[in-house]
């Protein structure tokens, strides 16, 4: 186990390269809510990165920033290079015409809400096929059936409406839609919320399969079991910051997490200690200048008044050192 | 940490919205002040006929021009707006009160009562409400109140539907379940959880109905069934301008028409802003 | 004893969601009910908490047959249950501040005098700081709101708790924290628990015994 797993730039060109990405929201009275602070990561083809953290830690904001779907009061800083395009400076037209669906496929949080309720799965697939690939109407039927088959969506359910589908099939329909544009980056935002365990496993396995050799998968989730199942690397987010970024096997396996927050998160799982981390995360509108986790941390000292930098995959002055020696 | 340079997203959209709201608010304020203050302060007779100055083009003395018997059109428009707004507001309130009561009663009692009431609503909705309105005014002699009654009685149907579906949707929320489990009585659930949820919707429907009612008043008056022609309202003004318009005199039609359009847009603009405030969305704006 | 006896329920008499389900929870016992989504387990939880009238069967609470459902249930029977639902956003009246949300059942029972002390004690127990109590639901996170909803469920000190997918939307740490609060309350009050969910690992860790829906529906 090396400690340099976090910076896996071994592969030639990353599909996505996020550099110093920050997002803040301007609120009333010149106040700011800092939802994402200084995020760095690369994502190569064939790789799956799971961004984990509790609700409100800023991980969904990060996803929306990548898709250019931030609300009007948001301000961003830093860059996110998708190939040679900086998603942070691209205008809405570029994002709408060349990025969403074509270069980033979005697997949504609640597929039932993502699909148009009044139209059949077939008509939605066909429309997306025509829109994204320019296949003319007569041939779009075949192409839509092929797209459905790719996501293992049963052909005899194509003429159903979204509300007539089970949760698993709705998820597959949404995945089929996300795959049509053949985008090099798949972005899955909480793809397993509210699904049964079997379905969670099937959904993430399918995502992994679609990632294959040539795509990259960024999965945003609070479900650690889902992340453990398919992720190559794990980035743990706390109060808007990536506090640990490491190899997934090392994280869930033998050495374990090195950031006290990440360790606490794992220990809270019912299959482990089932003990909560005391306290609650800080308000993103009122972050301390030092380490945001210090007030809840049993290892905190005076040193934690200074913001720890992400160094060798962990942002902590007192990272668990056991496996480094 | 080094100072970051921040880029905004979607700033333009936000500020145009803010300006639209401000513009609407100022316009509504000007209109309301004008119709409230001008008549008592100016002490001019809007009916004053000046045959020597009939059908004058807009000028400094008569910014909106004069009509075919020499009455000042600016003053007529202010009086017309006054009457039209009064009719619009009262009719909207009448319609909203009836609609809310019917919709809430139907949703609360359910069963056959609900079904019968909603079929009646459907039945009335299937008749064009201008036709129904004409039928009602035709039973009275021309005047303000028949028009108010006519517009009020024909416009509660949509409010009743909105309120009913809103009550039904609120009633099936888990927080109502939680209240019941917490021992809340029917009355407490209605007063504490359902009513506060429905009233803003009903209020919004009422505001949106004001311009609608104004147009209905105008339509009835234009058809000669609403207000008597000597009483200035936006509808009667447009109606009596038909003759001059055919002769090529455009201003007696244009200015009352513009008043109607501007008042409508301003009220609708304010209502739109209110609708956005109705649902607390700050959280979703943060997407946390 | 909470007994569900041959319960048939649904939203359309011709097509019941669940048929002939029998399940009982002993006093102080915690039962986890496992099942895939859409199987009807949430409907059963609502029947058990007297919030949904079944088409057939009966519910017996501590030896006393349920007298009715929803508002028709006697207040003493209704308030014997504390319920927590899956989605905190839908379970909280968007207009109430968190403090009022928690205090609401006390006020509904004419016990306004106890509000200050009880709310302070309970919110502390679920881990909500005083700075959050003045906020409305849209100003807090899912996890914080669910903590408030759990406090509301405990405020009348119910003999039975019904948790319907209480933690499905929450992260691991908040899940563990809320389960700990429930268990602490049960230890000191002896309340019984019916926890409905789809996470086998969680329910097996949490409850005395777990039942799979397929065993009940057989």
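Labels A, B and C are assigned to the chains in the order they are written; within every chain, residues are numbered from 1.
Basically, a contact is a pair of C-beta atoms (placed from the backbone, for glycine too) under 8 Å apart; a residue touches a chain by one contact, two chains touch by 3 or more.
Protein identities per chain, from UniProt: B = ABC transporter permease subunit; C = ATP-binding cassette domain-containing protein.
Model, not experiment: these values are computed from the prediction.
Interface comparison, A-B versus B-C: the higher number of contacting C-beta pairs is recorded for B-C. Centroid distances from chain A, each centroid being the mean of CA atoms, peak for B. Here the spacing of chain A and chain C, counted between their Cα centres, is 32 Å. Chain A and chain B have centres, each the mean of its CA atoms, that are 46 Å apart. Mean C-alpha positions place chain B and chain C at a centre distance of 45 Å.
Under the contact definition stated at the top, the residues of chain B that touch 2 or more other chains are 288. Among all residues of chain C, those that touch two or more other chains are 141. Multi-chain contact residues of chain A, defined as those touching 2 or more other chains: 55-56.
By the touch rule above, chain B contacts chain A in their complex via residues 1, 4-11, 13-14, 285-288.
Against chain A, in their complex, chain C makes its touches with residues 36-38, 86, 127, 129, 141-144, 165, 168-177, 179-180, 198-202, 204-206.
Those residues of chain B that touch chain C in the shared complex are 173-175, 177-186, 188-189, 192-193, 196-197, 280-284, 288. Only residues 20, 22, 24-25, 33, 35, 38, 55-56, 58, 60-61, 64, 68, 70-78, 88-89, 284, 307 of chain A touch chain B when the two sit together in their complex. The residues of chain A lying in touch with chain C in their complex are 53-56, 166-167, 193-199, 222, 224-225, 264-266, 268-271, 274-277, 279-280.
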